[in-house]
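Each of the next two complexes has chain A plus one more chain, namely chain B in the first and chain C in the second.
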Partner chain A sequence: MKEVVLRHPLSSRIVHFVNMICWYGLFLSGILVYFKMVDNYERAFLMKLHILFAAILTLVIVSYIVVTPDRVFLFMQEVLNWDKDTIAWWKNFGGYPYKFLGKTKIYKYIEKFWFAKPGCPPQTKYNAGQKLLGLTVIFSLAILGFTGWFLYFFREALGKNGVLLFFNLHVWIAIIVTLFVTFVHIPLVLVNWPDFVSMFRLGSGTVPVEWAKEHNPKWFEREVAELKED
Partner chain B sequence: MKWFVEKPASVRLSRRALLKIFGISIAAIAVGAYKITDLFAHRNKYIKMRQKGQYKDDERVRKVYKLAASHQNPMIKRFYDEFAIQPFGEVSEELLHTTYFKRTGGF
Partner chain C sequence: MSLCIKGGEGLVEKIRTFPPSPVNEKLKTYRKGELAGIVRVSDRCVGCDTCRTQCPTGAMMGEIGTRHKIDYDRCINCGQCLINCPFGAIEQMSFLDEVMKKLEDKNSFVVAIVAPAVRVALAEEFGKPPGTLTVSRLHLALKKAGFHIFENNFAADQTIMEEGTELIGRIAYWELGLKEIEFEIKDIRPISWVKKVKLDLKEFENKPLPQFTSCCPAWVRYAEVYYPEILPHLSSCKSPQQMAGPTAKTYGALKVWKVNPERIYTVGIMPCTAKIYEASRPEFDSAWRWLKEKGLVTTKFKDVDAVLTTRDLAELFRRKGINPIEFSENEKPENFEWYSGGGTIFGTSGGVMEAALRFAWSVLSGQEPPALSEKWNFVKVRGYTHPRVEAKITIPLKSELKKEIGLDEVTLNVCVVNGIGYRGLHIKDVLEEVLAGTSKYHFIEVMTCPGGCLNGGGQPVEPMGTSWIDPVLPLPL
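For the complex of A and B:
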């Protein structure tokens, strides 16, 4: 009998999807404007688009907090819960360097280093790397939202130095976090295919139980219960 | 097929405690956001009034001298050519820029 566990409920998947679309929309429009890659008229249009994406993203995140506070609580509790196994994960990055390089010729040069050792300490719903990503996204969304809307509504009141500070924070946090998400989060989630499928498939956001037991044993043992059999 | 789901938040936290946490957080954020926006909206009022005055002056000068753009203003040109060197330079910043604070204390 096939056994599955619900990893990403519908509300979380909608927020993730909207966040993804709006984030890259905001990033592309922002980059084209900031580095002056287009004409003045197009820049004015792109800024309007930037504000539209920001308004949609803000609305969806606020709705998520108001409509499903229990999901927000569970997510915050999960990403803030750093136990000894979470810390131990960082000693060898959960065994990922070994998984990627273990069978290559490069491995014999790096096998004595701590980060290349095999094995992974048992993790909860998200592993230590995903927890760091979760915290990064939460804090960057808060800072980007605050600085962005402040620049939009109250730029006159900030003064020259305040505007420069808020503007630089807004631009460079967005660039650094987008690079991190694009070159670390996306490739790693593609490696963990069942997790990717559970987030983006049209059906339910489930993963196979064997996969959950292997990757997130603490979550499966402590926080998961049987719902039904059909 | 056998289905498993995450235990609900109520297993870890009672409904009352959850409402308390979110109620207090939302109240604190709402009051804080209201106070900050009120403060800045008030401050913005005077800055926008000054800006409006400057744009009005600029329009008046352009009408008198029949200029297409503000940077063609002969007074501004002379000011930068002979005195302040460049916009955002040290001299222009000291003479033209202002800070906003309560100036009515002595009255």
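For the complex of A and C:
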């Protein structure tokens, strides 16, 4: 049997899944309303939907924090752990530009640039790009949740400048982060197919050992060391 | 056209304006001929829903995320939605272009009726901190722009004499059981004079207690639309603006300025959007009716021809290149520029009440304490941030009254409604008690805007919106 290692436990996968559905539900409803792409009645319905998605997402995230604080702690520890290899990853974006463009004609024009060099320094469970995404999602969820619920329940306490600030932060952070997730995170995960499968398959959230060794050697070594200790 | 908010300070959007048009005349109104649609929601509305929770009548309609809409049958034109919209999405009707033309017209004698709350707010539009006072520099700037001045505070003094007299009449008839009352009104500085007033109290049979103030046109409209049974309780006095207009066009024109009344064009300069509609009410043409009876005029005109808000006035000054802050604050008042402290506090919640109490106190006690005496100081009736305040005021009676009624003093129960509140929250039970005959009050002041006219719909938009906190707090601050 193929050797595997657990990458995404069930609780994290549920939260990721709910987050994904709600995020895009919130984004689409928000965009249609903000840019007035539909008429007034539909906007009223979409805002109700927006608030429903927000409530579900808030509930799931709060439950995740309350029920599995250890997982939240480990996740935070991982995304905040920036060692020299994490920094080194940014020198050539973990070799991704080379991976995508190395065999194309364009490469001869860009091979002299730092970002086009091949190779990838050893990464922990998440590579530097994923860590940045993780931090971006955590902070944007916090800001979007805070500004959104504050505007919904307590806007009178903010003053007009406060409302404008919260409103614009809410709208533009949501748009920028969604663009980042849609055009950077999703394509890169699709390239790393085993990671994608481990997150979305029905069944366990494991990845093949070989894949883990190649992509996240530091994490793999630590997991193996921990298993040996056990 | 757009008007800058405090010269574009902060993130808050500019308030846009639009001229009155036939559309406004066609909107259905409570009184035929008056203007409606003084404020309107534009396409810029993002549906944040803030305005709805500030609307005292429920006229502002909409759900979160949708473009909001005003039901003009229910709107009282207070403009609270406008000054509370963070997105500058609500626009105001403005007579600015018309007034500018009149100022250029050599045949027109343009009179500014300038309200108390304007002088404490205008400076904000010229980069000064909120509350900076402009009194004589405002007068000088207005004169430079081509206006003649009729202080609305002077008219507020007229109002308080009438409204105070009416209150005394109601108290004497209903509370003291008198059939007639005689008193003197005196010592109105700078010209000392005495006027004997004798009231036949029979006319108060249909003017019950408590008496409500009537100087806020949005409150008057609220009463007319939502509680018409309460109208006999409203003071029968016009607001200061509507007293100033006819006084300027009759006494002012004939005795002071000596100009043909038909040439006079009166402009209310108000902190208020409801005053725009008030000036258009069809019954406010008393100067014309009086002058016509005397055979002095032919063409029909209104008592107040146009109203500019504080924001409009700032824009007028900007267009004319006038900065009121640069003028002197030491100019001596003349003609209708004089007024009392009672007149000037009309601009704040509790101010009309305090002025009326000073008047009643002076008349019933027969005393005239010095200006800064504690006896005059009825600050406990000031609203500040409390939605409603009440007080008991004891007035010692002068000897003639003591003898006649057999009492040493009277105690008045008064109440100040500081902003009608979301859907009438601050006022409903006061009105219901009055209608049920269980109200303990003698006199009730109502200001539609929280804090009074200082926070009116025509004022510079304050980016932090201090009145906002109320709806989210269980207790007043």
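Going forward, the second predicted complex is superposed on the first by the 221 of 230 C-alpha atoms of A that agree within 3 Å, B and C clash if a C-alpha of one lies under 4 Å from a C-alpha of the other, contacts with A are read in each partner's own complex, and residues count from 1 in each chain.
Definition applied: a contact is a pair of C-beta atoms (placed from the backbone, for glycine too) under 8 Å apart; a residue touches a chain by one contact, two chains touch by 3 or more.
From a predicted model like this one, the values you see are computed outputs, not experimental measurements.
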Touched partner set for A:Val163, first chain B, second chain C, both or neither: second
First, second, both or neither for A:Phe154, with chain B first and chain C second: both
Partner chain in contact with A:Glu214 - chain B first, chain C second, else both or neither: neither
Touched partner set for A:Tyr34, first chain B, second chain C, both or neither: second
Partner chain in contact with A:Val224 - chain B first, chain C second, else both or neither: first
Chain B versus chain C as contact partner of A:Val5, first or second or both or neither: first
Chain B versus chain C as contact partner of A:Asp83, first or second or both or neither: neither
Residues of chain A at both interfaces, chain B in one complex, chain C in the other: 153-154, 156-157, 159-160
Footprint of chain C on chain A - complex, ascending: 33-34, 36, 40-41, 43-44, 46-47, 50-51, 151-165, 167
Chain A contact footprint on chain B (complex, rising order): 1-10, 12-13, 18, 21-22, 37, 40-41, 43-44, 47-48, 51, 97, 99
Chain A to chain B touching residues, read off their complex: 1-6, 65, 69-71, 73-74, 77, 125, 150, 153-154, 156-157, 159-160, 206, 209, 219-220, 223-230
List of chain C residues in touch with chain A within their complex: 10-12, 46-48, 50, 53, 63-67, 84-87, 461-466, 468-472
